[in-house]
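Following are the structures in question.
Okay, so subunit A shows up in both of these, paired with subunit B first and subunit C after.
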Partner chain A sequence: MRAFQILIDGFAISALYALGATGFTLIFGVSGVLNLSHGAIMVAAAVAAWAAASILGVGTYAGALIGVGVALLTAFLTYFAVVKPIQDSRRIPNEEKEIFVLTGTLLWGIMIQELIAYFFTNNAKTVLPIVEGVVDILGVRTPTNEIFTAIVCCLVIALLWLLVNRTRTGKAVLAASMNPRGVTLLGLELTNIYIVVWAIYGILAGIAGVLLGMFLGVSSYSVGPLTASAFSIVVLGGLGSVSGSLIAAFVVGYLETLTAYLVSPAYRTIPALLLLVFVMYIRPQGLLGRR
Partner chain B sequence: MNKALSGALRCAFGAAAAGVVLAASNAAFAADPIKIGVIAEAQAIAGASIPQAAQLAADEINAGGGVDGRKIEIIGYDNHSSSADSVRAFQRAVNEDKVNVVIASYISEVVLALEPWASRLKTPFVTPGAASNEISKSVHADYEKNKYTFHGYLTSAALALSVCDGAKDLLVDKMHMKTAVIMSEDAAWTKPLDVGYEECLPKVGLKVLDHIRFSPDTTDFTPIFNKIEGAKPDVIITGISHVGVQPTVQWKNQQVPIPMFGISSQATNETFGKDTNQAAEGVLYQGVSGPGVAVTPKSVPFAENFKKKYGNYPSYAGYTAYDEVYYIADAVKRAGSTDADKLVDALEKTDWEGTIGRVQFYGKDDPFTHSIKYGRGLITGLMLQWQDGKQSAVWPKEVAKVDIKFPSFIKLSN
Partner chain C sequence: MAGFLTSRLFFVSLALVIIAATLPLYVSGYVLGLLTVAFYFGVFAMAWDLLFGFAGEVNFGPTFLIGVGAYTAGILNAQFGWSVYLCIVLGALASVIAGLVLALPALRVRGPYFGLTTLVAVLMLQNFVVVFADLTGGEIGLTIPDVITINAGANYWIALGFMTISAAILYGLSQSPVGLVLQASGQDPVQAGALGFNIVKHKLAAFIVSAFFSGLSGALLVFYFGTASVGTVVDVAVGVNVIVSAVLGGRRTVLGAALGAIFLIVAGEFLRPTGELATFIVSAVALLVVLFFPGGFLGAALSREARS
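Let's turn to the complex of A and B:
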């Protein structure tokens, strides 16, 4: 009974982690940007979905769509207002650009967080689930929304895989992640590829944010922990490796759930962080890292 | 001779001029406003009500002519829920803005950080919403040093008593419940609360089967609820404040069949229903006041005026902050001065009927020195329940408007 509980609960949370981390790792893999405003974009999506549904009363589906739309917009804003100006700047030496992007996105994330807290307070918000109720799986009473979350996460990740591996645009993205100079030599505009990647990222972060808002709820306080959790999953899996992030997401998700059930909910995140430190010692590039 | 004369003249002129300046400054002193610094969490719903309620009280007092002709001036500081920001605000309030009294924060950690500063800067300081026992215990332990701090809200020990008193009448006597699991967040204010719960729940007839403490940054409550369900208690006794929306929504989404009863600070906010998409339905929580609950004749008019002015009902800390401005004004009047030590003496003699009951402070020899007194005829607190999207009082029976009712997924074992 308890084993099933851990299996089911762990799966939903892991799938959500996976979706949240995928976009983060994709951006890094393709454009070398570590986007520290990631958590803020997810929270913005969830709060927008909540506000649209609860304050404006547009309904659950429209609310969720608005949430994803807000994430997409915020992602573009992040790219055009923060990342691109730094990348294009002639005054910042190339070797320092990464650290500028890191700082820039971090500050941008804090700005979004403070704006959310200012307009919507720092109290947690929860998005009304698209499907309500509970079902019995192997004797475990599971919220239907939890199953819905897991299914959507898996579907979106599968779609992303198809997009990257089976379409022309996707292949260009993949190529850019392997050799940006080679792509430009083939006559592809690198900026266009980046825009596509940021669009994909915005949608992924938006869906993850809205689902998180339905499943667990978010507040402006969640910004830091969300960025940190995506960051540690991605580092554990290997920076830039999508499949590594997926595996790492499940490792972290199940480790947390196991700890919460078998040890204490108070120590939930500790073993995963210890594992991260341990992996950094023996395999600094992460589980499937290639850099 | 001439020189001597002119020197004497100069002296005389100087003295006269000084006298004029002194007299002028004395005149100005009489009309000087009484400055109250209000340090609060502007972004948190519980904290946002604090400066608003204080301002409302000041406006009312000023409209009635002030205190012996002196107006009350509220100077607000946003502390971003941070202890460090609060300490800086406190220093600025006292050293630069020259406030006479400070009202600050609903977070115990923040208040415990400010307490030594109230002592160092010798400035009377009242908290409208923190609960930790340590606040008033420190006053008791070193009275001369810490006497400037007043605890204007119930201590965790008193909160536990209030919950147990409510549980006895509502859960044990009426619904014949026998067992409970305590679920509380790991924070300064819940340590004494849990000790209180462990002690008083068995006394009122609820056996404590398990006790789950969790980190305040927990987001997934599934394992916690599953563990609680495994223990098969009749009721979950809560001690939550930093979290609230998330456990409540997950309680509903997972259809945990056990009622929640206890301290749930976020549930005291009017917006809690909307924040949880009405998952709050059926949640029972302790409060000191609530919309439409006439704890005293002042409670309802205050809540309604607050809503008229700010668009929503005040949080629990709004009620206490409002009362605090009034009894501080009363103390200044009785002390006849804003001198810190005289004000402390006057505040100790406070006997003020406010919006949450009759406010008096425990004395120097009581273990919780300078905390507000708990008990019948003073402040007992209430139990309220979210019903049909509204907060309704269910205990004590003098103010109860409705009977307890639960959503359909709650399965009462008796």
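Let's turn to the complex of A and C:
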């Protein structure tokens, strides 16, 4: 009974983590950018969906769409207003661009977080779920919304896999992650590829944010922990490796659920952090990472 | 040219310190309290800049070193009632040990991985504080019975003196041959190693110095506040402020980091009437500086002087 409950809850959480971390790792893999405004973009999506559905009353589906749209816009804004200027800057030496991108996106994330707190307060917001009700799986009463979340996450990840591996654009993205110079030599504009990647990222983060808002609820305080959890999942799996972060997301998701059920919800994040430290010591490039 | 610049910088700094030292004679205790905190923050930022600007290591967890120093000093005082000065020294030592434990494995990895290891260290410390609430006061914070002094002016002078001495040592170190080797190993580790310098030893030394000053400053800060809490010395947000200060003031300048920290804290206070938007405005200004003046305040000033 309890084992099934852990299995089901853990799956939904893990799938959500996986979705959130995939976009994050994709951007790093292709353009070497660690986007520390990740959590802020997810929260922005959830809050936009909440505001559209609860304040404007546009309905849950339209609300969710608006949320994803807002995330897409914010992702583009992040790229064009923060990341691209730093990457193109001649005054910043190349070897320091990484830390400037980190600092820049971090500040940008704080700005988004503060704006959300200013206009929508710090209170936790739960987005109205698209599907309601409770179903019985193997004797565990599970909210339908939880199953919906897991299914959407898996579907989106499958779509992403198809996009990257089966379409021309996706193959260009993949090639750019392997060898950016080689891609430019083949006559593809690297900036266009980056725009595609940021668009994919924005949509993924948006969907993850809206689903998170329906499943657990968000507030502007979730920004930091969300970024940190995506960051640690991605590093555990290996920076830039999408399959690695999928595995890592499930490892972290189940570890957290197990700890929360069997030990105490207060210690939820500790085993995952210990595992992360352990992996960093014996295999610093992560589970499936390249050096 | 370099000699002229340093001497010019030296006289400006000296003048600023003298002016700052006379402040308690004519400003209110409120302003002094604000600047006291700002000065301790300045030391955090300078210690961080030594590691980033010179050794080229992005330490995302300055608050790990700060927090270990602060909590060690606070716990020893609160639990065992040891004297304030002993606790401060032990806090700094604990921070150095923590720095060693963190640096030995972390220096094996590069770039983002190093950054993440340090970030995880902060999260672990934060969890540790919450889990061992009996010892550390948990989320509410640890109340510390003793303080150095309750005189606002004296506290201010201690902070100013401490920052000045730290700045002199850290700046001197950064300009010394050791600092140059450090800078070389940060920029091109392979070449620096090929020239016969022991990179790991130098970086480790930088880490220890950075940890020492972070821990010392953290310990002094808790004895000024009279409490130690996650929100003031451990939280990732505090670490972010330290990093932003150093980048704002100008990386690789050491002294600029202190300016950045003072600016950040004073600006935050001036913007208090704007309420919740204060953090937004400070972050926006910092982002604009990062985008348009990547050298920071002092970096921009120095390069202008170098041109003229």
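Throughout what follows, the second predicted complex is superposed on the first by the 291 of 291 C-alpha atoms of A that agree within 3 Å, B and C clash if a C-alpha of one lies under 4 Å from a C-alpha of the other, contacts with A are read in each partner's own complex, and residues count from 1 in each chain.
Basically, a contact is a pair of C-beta atoms (placed from the backbone, for glycine too) under 8 Å apart; a residue touches a chain by one contact, two chains touch by 3 or more.
Model, not experiment: these values are computed from the prediction.
Colleague: After the overlay on subunit A, what do you see for subunit B versus subunit C, clash or fit?
Modeller: Fit - subunit B and subunit C, as placed by superposing on subunit A, sit side by side.
Colleague: Scan A:S222 for contacts with subunit B and subunit C and give back first, second, both or neither.
Modeller: first
Colleague: Considering only C-alpha centres, what angle arises at subunit A between the directions to subunit B and subunit C, nearest 10 degrees?
Modeller: For this superposition the angle at subunit A equals 60 degrees.
Colleague: So, does A:A266 touch the first partner subunit B, the second partner subunit C, both, or neither?
Modeller: So A:A266 meets both subunit B and subunit C here.
Colleague: Per the contact definition in the header, classify A:V196: touching subunit B only (first), subunit C only (second), both, or neither.
Modeller: A:V196: touches no partner chain.
Colleague: Between subunit B (first) and subunit C (second), which does A:P129 come into contact with in this model arrangement: first, second, both, or neither?
Modeller: first
Colleague: Who does A:P284 touch here: subunit B (first), subunit C (second), both, or neither?
Modeller: In the superposition, A:P284 touches subunit C alone.
Colleague: Quick one: is A:E98 in contact with subunit B, with subunit C, with both, or with neither? Answer first, second, both or neither.
Modeller: second
Colleague: Report for A:L77: first if it touches subunit B alone, second if subunit C alone, otherwise both or neither.
Modeller: A:L77: touches no partner chain.
Colleague: With the two complexes superposed on chain A, say which partner A:L65 touches: subunit B (first), subunit C (second), both, or neither.
Modeller: After superposing on A, A:L65 lies clear of both subunit B and subunit C.
Colleague: After lining up the shared chain so the two structures overlap, which partner does A:N145 touch, if you call subunit B first and subunit C second: first, second, both or neither?
Modeller: First partner only, subunit B.
Colleague: Could you grab the smallest C-alpha gap between subunit B and subunit C in the overlay, to the nearest Å?
Modeller: 5
Colleague: Of the residues on subunit A, which ones does subunit B touch that subunit C also touches?
Modeller: Touching subunit B in the first complex and subunit C in the second, residues 117-118, 266 of subunit A appear in both lists.
Colleague: Under the definition above, what is the set of subunit A residues touching subunit C in their complex?
Modeller: 34, 82, 85-86, 89, 91-92, 95-96, 98-100, 102-104, 106-108, 110-111, 114-115, 117-118, 224, 228, 231-232, 235, 239, 266-267, 269-270, 273-274, 276-277, 280-281, 284-285
Colleague: In their shared complex, at which residues does subunit A touch subunit B?
Modeller: Per the stated touch rule, the residues are 5, 9, 13, 53-55, 117-118, 121-129, 132, 134, 141, 143, 145-146, 216-217, 219-222, 225, 256-257, 260-261, 264-266, 268.
Colleague: State the interface residues of subunit B toward subunit A in the complex, per the touch definition above.
Modeller: The contact residues of subunit B facing subunit A are 43-45, 48, 81, 186, 212-215, 217-224, 226-227, 243-246, 249-250, 253-255, 266, 269, 271, 274-277, 279.
Colleague: For the complex, which residues does subunit C have touching subunit A?
Modeller: So the residues of subunit C touching subunit A come out as 52, 56, 58, 105-106, 108-109, 111-113, 115-117, 119-120, 123-124, 127, 130-131, 187, 236-237, 240, 243-244, 247, 251, 276-277, 279-280, 283-284, 286-287, 290-291, 294-295.
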